[in-house]
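All chains are identified by letter, namely A, B, C and D, in their written order; residue positions are counted from 1 within each chain.
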Amino acid sequence: MTIMAYNLLKGKKGIIFGALDHKSIAWKVAEKAYEEGAVFTLTNTPTAMRFGEINELAEKCNAEIIPADATSIDDLENLIQKSMDILGGKLDFILHSIGMSMNVRKKRVYNDLNYDFFMKTLDISSISFHKLLQTCYKFDAINEWGSVVALSYIAAQRVLYGYNDMADAKALLESIARSFGYIYGREKKIRVNTISQSPTRTTAGSGVKGVEGLLDFTERMSPLGNANAEECANFTIVMFSDLSKKVTMQNIYHDGGFSSMGMSMRAMRQYNKSLDGVGEDDI
Amino acid sequence: MTIMAYNLLKGKKGIIFGALDHKSIAWKVAEKAYEEGAVFTLTNTPTAMRFGEINELAEKCNAEIIPADATSIDDLENLIQKSMDILGGKLDFILHSIGMSMNVRKKRVYNDLNYDFFMKTLDISSISFHKLLQTCYKFDAINEWGSVVALSYIAAQRVLYGYNDMADAKALLESIARSFGYIYGREKKIRVNTISQSPTRTTAGSGVKGVEGLLDFTERMSPLGNANAEECANFTIVMFSDLSKKVTMQNIYHDGGFSSMGMSMRAMRQYNKSLDGVGEDDI
Amino acid sequence: MTIMAYNLLKGKKGIIFGALDHKSIAWKVAEKAYEEGAVFTLTNTPTAMRFGEINELAEKCNAEIIPADATSIDDLENLIQKSMDILGGKLDFILHSIGMSMNVRKKRVYNDLNYDFFMKTLDISSISFHKLLQTCYKFDAINEWGSVVALSYIAAQRVLYGYNDMADAKALLESIARSFGYIYGREKKIRVNTISQSPTRTTAGSGVKGVEGLLDFTERMSPLGNANAEECANFTIVMFSDLSKKVTMQNIYHDGGFSSMGMSMRAMRQYNKSLDGVGEDDI
Amino acid sequence: MTIMAYNLLKGKKGIIFGALDHKSIAWKVAEKAYEEGAVFTLTNTPTAMRFGEINELAEKCNAEIIPADATSIDDLENLIQKSMDILGGKLDFILHSIGMSMNVRKKRVYNDLNYDFFMKTLDISSISFHKLLQTCYKFDAINEWGSVVALSYIAAQRVLYGYNDMADAKALLESIARSFGYIYGREKKIRVNTISQSPTRTTAGSGVKGVEGLLDFTERMSPLGNANAEECANFTIVMFSDLSKKVTMQNIYHDGGFSSMGMSMRAMRQYNKSLDGVGEDDI
């Protein structure tokens, strides 16, 4: 890696959820956090670990791995306690990068949802964030001015064909960030934010319908192009650092400008190519 | 009643959820819908019916009551089928006015939630809306250009002390309105919206913490004052009528302007009264 | 016309700005307002009148025409005074449908604006709305619970290629609606809102770059399709009626759902047609 | 100063507008930028310089001062050219911290604006930002991945009593940031954002009506308390750094959480103190 480090997280302790393989945003966050002087533990579900390459990351970052199902309070308690033991004190930052929909996996469309799956989507992708925060709160596990970040997506605000019940999960996730951010800010001066990232070519994201066409569209719509995982990691580091102390309860778009676009020149030109010979009746 | 009727819903058929007693917004919607020429069925949970005065309303509006637990697909199927039988055809409008939090009732604060209660809050207050829409979709129970409205609250966007997990439920509700609104619009030309209403003195709302001080504050903050249940019913009728055909996937604030206020003269003056003799250190 | 009237504006008095020809939204609003029982005056600039067919409309609606440059306080004073004289009392509703950019007309792109033109764009398209409201306020020209609506466009929130400085004008317009809406609400119980309408095939809108491709895209993105001028007029009537009394300082999207979309199935499919044979390098 | 520097702006060149005295946010940004390794020029109007202490800052930061009226293209051209000459190359960052309303100064309330003053408010506080960007664009004065930030305030979205036409100016400013951000992003990979800062005790801000009561209210509403000028400077540095490369066309709230609050426990308790003995009729 050729990026210069700034020591932005020197001496800070944290937990990073969701590193599966080298494409994961959480993976990049771990690499950057390490470069910036942080110590941390890594966690993921036992299943995810079997498929992933997380041991390679752990070695590189000198980090221990603590498996945890983020929907289980017991697992979260164990994770938090062990992390504090290993790191030698309270936490300064946490990354929540977790999302899963059985409806998407089983190709149940949004008007034919299985409700057990829907509940599971919400429990894994959103309520896990509340469980994490509530467990940290009970253990008083985060230092004053600590920072908690969850990764979100613009589907929380606008419908994207095929994103299915994950859209509702992200809306719920962002609401939990606001609701708990209020209490954690008021009581402990701890901030809670979400970063709304461009669609990203990760292994986890590859299940979403028609992702290639969408990535082309968002690339042309975004004046700076789609943000990649490494760029997202850089901005996440900033949100963990002491330089963003008074930003809380926000959802910040890290998306090359996509969220503020209605139509770009490049996307329009590309779209217009599709229209040759298309009559009004066809619409 | 002295309000002139306009025949805005002449010949339209619907279902109204959530009329408990004469303070309920749903009660007022039923009265107005009747005045405007609609026919409809009323529904609520068996428990709510025992306490409420819904029979009085049913008589007044010449409407049948069909009990239903809105989290039960079976009950929803029965409700929708029977409603179409009784009303003699497909539906044109539905009002979803449902919300309940056991965490609020049992005084579990937001950083000490019971997760079974939280799941129940979401199931009753938000997922019930998806279940309703999905069941209607399966039975093809709504006419083209039909309109579905759910009642929401600004807590979906901004934290209000004491509103607890109902805030997350409203955020999820509004997301479901967008997500299903996309599909129902695309496939059947049916619109789905939420109305974000001022805090309202209903029997259901009286459990929320410190509601009197809040009502005073929002009254002074809102240039037109808080909107009451009857005014909300008027606007709901508009959203059911043919005059709002192209409004969909929106959350419309019906709140006297509160949502667009940062600080009003009247609220500031009142607030300043509290500050006499308050030093900086006190903050 | 085959639409049934509801008498929603029976006895109400108003002023309608911006009817140029039968394609204008303001033209449709005038027709509907007439059907709904309102009396009103029509106004436009002397220049617009020469090109338009406004006399035909005036005759049809039994309305007088009062020419006015909406940037001139003198003209506005004359318009308001005369309107009250003609209509026999204070006003209940006003429609502001005014927009013009010399930068667009003279093909000055947004990074090469002429600043005299820019100032003019803002004066005509946005500040005229403040001048109108301030003049009405001084003359106490609007009845309690009166309603003022200005037409806006989503470019106020999101960049659309080619819309140029009109985007900034719409953002300013919506801000003025909020700012003055606060005062008019507080002091006189008068509401001020903007309606953010789909791109519409009007004579005035035809100058915007690449409008055909955009209309195709927004048609496919919006689950209900683009809203047309007549539908917009229907919703405007609602906002003038007594049924929306507590809605103020809002920008309401009347756009078939476009504003809540990130990507639709239909737009994606159309876009994908353009991608055959397009390599990554091409983006 | 005891804050550790990170070298976040090492080798970067910039221009900082709006440092008046040591209370100014721009002053703090200059100090931090210097600590972080940047070189830059300082600018303000000739009048502001007479009253301010900017020479002290210039000396401290080893920066030259170039007077400029930000509404004058000539002055901006001179400023940009000289800055590149002095700094030895193109710019990497610019801070726009400019706002002034004659209507506020002359106590013209919002429903009695002087329109020459209003135009001046917009020219100084908003259009100056476009002029700055357009002039930079013409001179190709900013390096790829450069960053431009303007300071804004939540009055752009929500009405705050007494903020007057500055609210409209901030709405226009934020729109210009989006509109030009699109073009500068697309053509030059340069990002443009606004930071929406807590009300801050600056010399410039002291003219706003009733600012003490408001500061108390926002302090109690914001879970982390109001953000101060130094904290704002820290976050501005982040936005200038390479770590926020893909954030553009955004308005980011740096406000201790205020923007996401509807009502806090602390503000409600304080407000309730004012209500003792207040009857309903009083509202």
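One rule holds for everything that comes next: a residue touches a chain if its C-beta (ideal position, glycine included) is under 8 Å from a C-beta of that chain, and two chains touch if they have at least 3 such contacts.
Note that this is a predicted model, so its numbers are computed, not measured.
Residues touching across the subunit B and subunit D pair largely coincide in numbering: over half of the numbers involved belong to both copies. Most remote chain with respect to subunit C, judged by CA-atom centres, is A.
Per-chain Cα centroids separate subunit A from subunit D by 30 Å. In this assembly, the C-alpha centroid of subunit A lies 40 Å from the C-alpha centroid of subunit C.
Separation between the centroids of subunit C and subunit D, computed from CA atoms only, is 32 Å. Residue numbers of subunit C whose C-beta contacts span two or more other chains: 158-159, 161, 178, 181-184, 225, 249, 260-261, 264-265.
Those residues of subunit A that touch subunit D in the shared complex are 4, 6-8, 178, 181-186, 189, 191, 198, 222-225, 227, 231-232, 234-235, 237-238, 241-250, 252-257, 259-261, 264-266. Across the interface of their complex, subunit A is touched by residues 73, 110-113, 115, 118-119, 122-123, 127, 130-131, 133-134, 137-138, 156, 158-159, 161, 165, 167-168, 171-172, 174-176, 178-184, 187, 249 of subunit B. Residues 154-155, 157-162, 210, 213-214, 216-217, 219-220, 225, 260-265, 268, 270-275, 278, 283 of subunit B are the ones touching subunit D in the complex.
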